[in-house]
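Take a look at these structures.
Both of the next two complexes hold chain A, though its partner changes from chain B to chain C.
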Partner chain A sequence: MSTTMQILIVDDEVEFASTLVERLALRGIAARSANRGLDALALVRVKIPDVVILDLKMPDMSGLEVLASIKSIDPTIEIIILTGHGSAAAGIDGMEQGAFDYMMKPVDLTALLAKIEQAYRKRKVAA
Partner chain B sequence: MNNNPEDLLHWRQLQMVGRLLAGFSHELKNHLAVIKESNGLISDFLGMGCVQDEALQAKLLHMTGTINNRILLVAEMVNHLNGFAHRNDALKSPFQINDVLNEELTFLTRSAEMKSLRIATSFQESLPVIFNSPFVVQFIFASVFFHLLATLKPGGRILISSGQQDDAVIFEVRPEGEAAETAPGLDAVDHDQALQMALQAVGARLSTQSADGRIRTMTCAIPGDPLG
Partner chain C sequence: MKRFGQMFMQFLPIDPEKSSDEVNRGESYAHFKRMLFLIMLLIAMVPVAVTAGIGYFQYRNLLLSEEHDQLLWRLDGAQKTIDAFIGGLQSLVKFVAREDRYSALLEKDKLQLLFDRLKEQYDGFVDLGIVDAKGIQRSYVGPYDLEGRDYSNQEWFHEVLIKNVYISNVYLGFRQVPHFVIAVVETIPGTNDYWILRATINADTLQKFVATIQTKATNDMFLVNSAGQLQTSSKSYGAVLSRYDKPTNEDGVALYGESRGNSIFHASSVLKNTPWTLVLTEQDYVHKEEWASFKQRLILIFAGSTLVIVLIISPLVSILTDRIRASDEKQLSLLAEAEHSNKLASIGRLAAGVAHEINNPLAIISQKSGLIEDLLGLTPPFEYSDKMRKTLTGIQDSVVRCKNITHRLLGFARRMEVTIEEIDLNQVVREVITFLENESLHNRIQVQTILEDQLPHIRSDRGQIQQILLNITNNAIDAVVYDGIIQITTVSRSESVQIKIKDNGPGMPPAVLEHIFEPFFTTKAQGKGTGLGLSITYGLIKKLGGSIVVDSTVGEGTIFTINLPYTPPHIEESNHEHNNADTDS
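Presenting the complex of A and B:
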């Protein structure tokens, strides 16, 4: 996996986001995290990420609102939705609004890494 | 299902319980995600050789593996709980019979295990999605399941299957093994008023095959839309 790839994790579960950042860092992947929608948008404006891992439920903005805002900044940023919902419906809603794919929490890291790699490749083709 | 005020109030109450359960299960998944990633990070550190003592490292790796496996099991249960909670979102909704049976079996299996009974399933694939009340169908299934659970001695098995019959989908419950000495009579199901009302509400037919004074199979046929 590319070492220049930039990942942004957006999740209001602070421990989840920070631990995932650390696990990605151990694998040579540069990742940042935001715990609120507005903070995520601020980070996107500072440095465009290649792939965003996005929770759907946050206190200040819904994940779908964050998704739309990120896409309005740069439509080639790929977004993987992480949802705690039991059904696929919420993830499918996200894909209809431009998300690359969705995964259910708790997620398998190997599967997430594979999904990140696919999303990154798609962005590189589009960029 | 009637839309009289009493039914409506009852449904709204059940709907609220469902919403609370759905929110609860959603939060559980968030907690599981934190535990899983924290456990994963410990595994990462162990894999990097952060613990010098090899025996201790092996023991800790085994423990993180156990934790991870349990997280996956609980996550699957929570998924089913979430699905179950959403079954009462609407009076009627489209559903696949195998999904509602599987969802419910996650919780019913424990009842069978407590009686030293096994559960086996044989679900027909590619059954049509039907439009009815999945919540009421789950109530019917649980009622039939518990009736037949009471007919078996420990060591037996309950076989649950699904299929299609004319314009209806069916589920079948078959108790296998020695009969319990205090097994309920053949007419127990007929006297279960709540079950009979539920069958009527979704337009389902419940048939019983018996032999030697014992129930051998109960088959429930559920139409796609009893009002259609």
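Presenting the complex of A and C:
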């Protein structure tokens, strides 16, 4: 796993996002978190992440809107939808709009890391 | 019309929805059946009864009128005969009293001679007298001494002067023998004076004559005067001079009901130039036999029609009532089914909502405990580090259990498009049996199949049908435990293909059956099943436009009957959702 890999976690559940960031950091992965859509977009602009872990439900904007905005900033950014709300249909919609994949909360970190790795590889191939 | 409709509605059974009581409903159908029977019977019987009634009265009137005519005809004949007889007597007396005979007949010898000759002709002559214009009997022959008797103040004397010919009523007179008088008036030649020949005739003569023209033993024929006294004897009214209580002064026929069903015709005819009326009575109808046989036939036809009507109406009413009842019951069961599936849908939505809400905190628990585990790995061992690690594993396991539940509830773990393709259900059944082979062999369970040859293919989702069959068959395997038999049958029907999965397990009581498709309902030991398998199965089948029915008898086993349509209904967007291989319930 490349140490240069940049991860952005977008989730309105502060505790979830921060804990995940911490656990990724423990594994040497640079991860940031945002709890609102607009914050997420700001962070993307500051530094383009390789992979975004995106929740579908946010207080200010929907995950799919965030997804579209991120893709408009850099279409090569890979996005993994991770949601406890929302339906599979929303997940599929997300994939149709360019998400790499989608996963259901609660997710096993190992499985998430594997998915991140796949996404990262895809981005590297594309870039 | 509306009123009639309302009236009719009263006969209808109580609204089946309102009447929950099975016994009451049964009674109301029985009531409906009775009312329907009565109404139909009435509709059918009224025309029959009216026709029979009209026939009865028409035929009766016809017979009566014929009877009437016949009686009149006979009366006419009898009257003519009697007229002729009385006319004969009159003529005889008239002939004797020729105008030139007065002086000759005053001589007793000649009168005696004439009397003898008359008696030769008619035995009934009793006496003969010559009466002059002053009413004095000038000459007399007969058994009594009546010569010189003064008749001037007697009624007949005045009558004869007016009418020239006079016939008296029958009377007893001082002789105490019924007799009547014929008197004729003649003028004395060369004068304005006149004389009267008076002949007394025994009433027996009349009696005998009437008896000779009486035709039938059942008839009664007699003469009666205007005062209602019998002039000849009658079978019904007695001897001469007895009373006859019916009107006598007019011609015609009257019907007197003397006793039930035995009316008597009285035909009467006034005899001209006499004080008498001829009466003919008829006790029995001439057509009595025809009438009786007509009545018998009418009753037979009426009874026959009634029987036929009842025989037709009875089964008809039964069929109608049964049909209505069956349709009501079907409606009720459809309502109950709709209610049930609504309830299931609501429970499903609620469960999904709860699952969604739980997923987020669950994710936090999962990440937090993971973090602790991570940190624990970075910390040198301390007194409770092993215990903490175990505890964290317990938390993680519980999170996985919760995750399994919520993911199943949401019915979405694996992404998969619904793919509609042509499916041979027999093939799917064989595949599912192969999946379960190990488990069934292990439990020594026999899985039998009765698959219809050339089963029509259906268009549906293979993966989902596999899922459905796996869930139910797996439940069956759990139910029968050891040495059980599971039988899977496929059969094509008009609008669907039917799959039956039958096991000989312990079966389920109605209380369990009622809840079998509800999420979280399970009869398995705690931890062995989430109670979601059949709930998900139910949802899948509904999504594919099919139906599932469960039938179970405690001690005998359970049958799941699934009907899948040949083509699925319009698949909505939500059908992107798909279920994982959930095989417990």
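For the reader, a short list of remarks on this structure follows.
Note that the second predicted complex is superposed on the first by the 124 of 127 C-alpha atoms of A that agree within 3 Å, B and C clash if a C-alpha of one lies under 4 Å from a C-alpha of the other, contacts with A are read in each partner's own complex, and residues count from 1 in each chain.
Rule of thumb we're sticking to: contacts are C-beta pairs under 8 Å (C-beta built on N, C-alpha and C of every residue); 3 or more make two chains touch, one makes a residue touch a chain.
Predicted model, so just to flag it, every value in this text is computed and none were measured.
In this superposed model built on chain A, chain B and chain C take up the same space, so to speak, and clash. Contact with chain C, but none with chain B, is seen for A:92 once the two complexes are overlaid on the shared chain. In the superposition on chain A, contact of A:19 is made with both chain B and chain C.
Within the superposed three-chain arrangement, the count of touched residues of chain A is higher for C, of the candidates chain B and chain C. When both complexes are overlaid on chain A, the residue A:71 reaches neither chain B nor chain C. Using the contact criterion defined above for the overlaid structures, shared-chain residue A:102 touches chain C, although it does not reach chain B. In the superposition on chain A, A:84 makes contact with both chain B and chain C. By the touch criterion defined above, A:36 reaches neither chain B nor chain C. In the superposition on chain A, the residues of chain A touched by chain B in one structure and by chain C in the other are 13, 15-16, 19-20, 22-23, 26, 84-87, 104-107, 109. Across the interface of their complex, chain A is touched by residues 356, 358-360, 362-368, 370-371, 374-375, 378, 399, 402-403, 407, 410, 412-413, 415, 573-574, 576-578 of chain C. By the touch criterion stated above, chain A contacts chain C in their complex at residues 13, 15-16, 19-20, 22-23, 26, 83-89, 91-92, 102, 104-109.
Within the complex formed with chain B, the residues of chain A that make contact are 13, 15-16, 19-20, 22-23, 26, 57, 82, 84-87, 104-107, 109. Of all residues in chain B, only 22, 25-27, 29-30, 32-38, 40-41, 44, 48, 71-72, 75, 78-83, 85-86 touch chain A in the complex they form.
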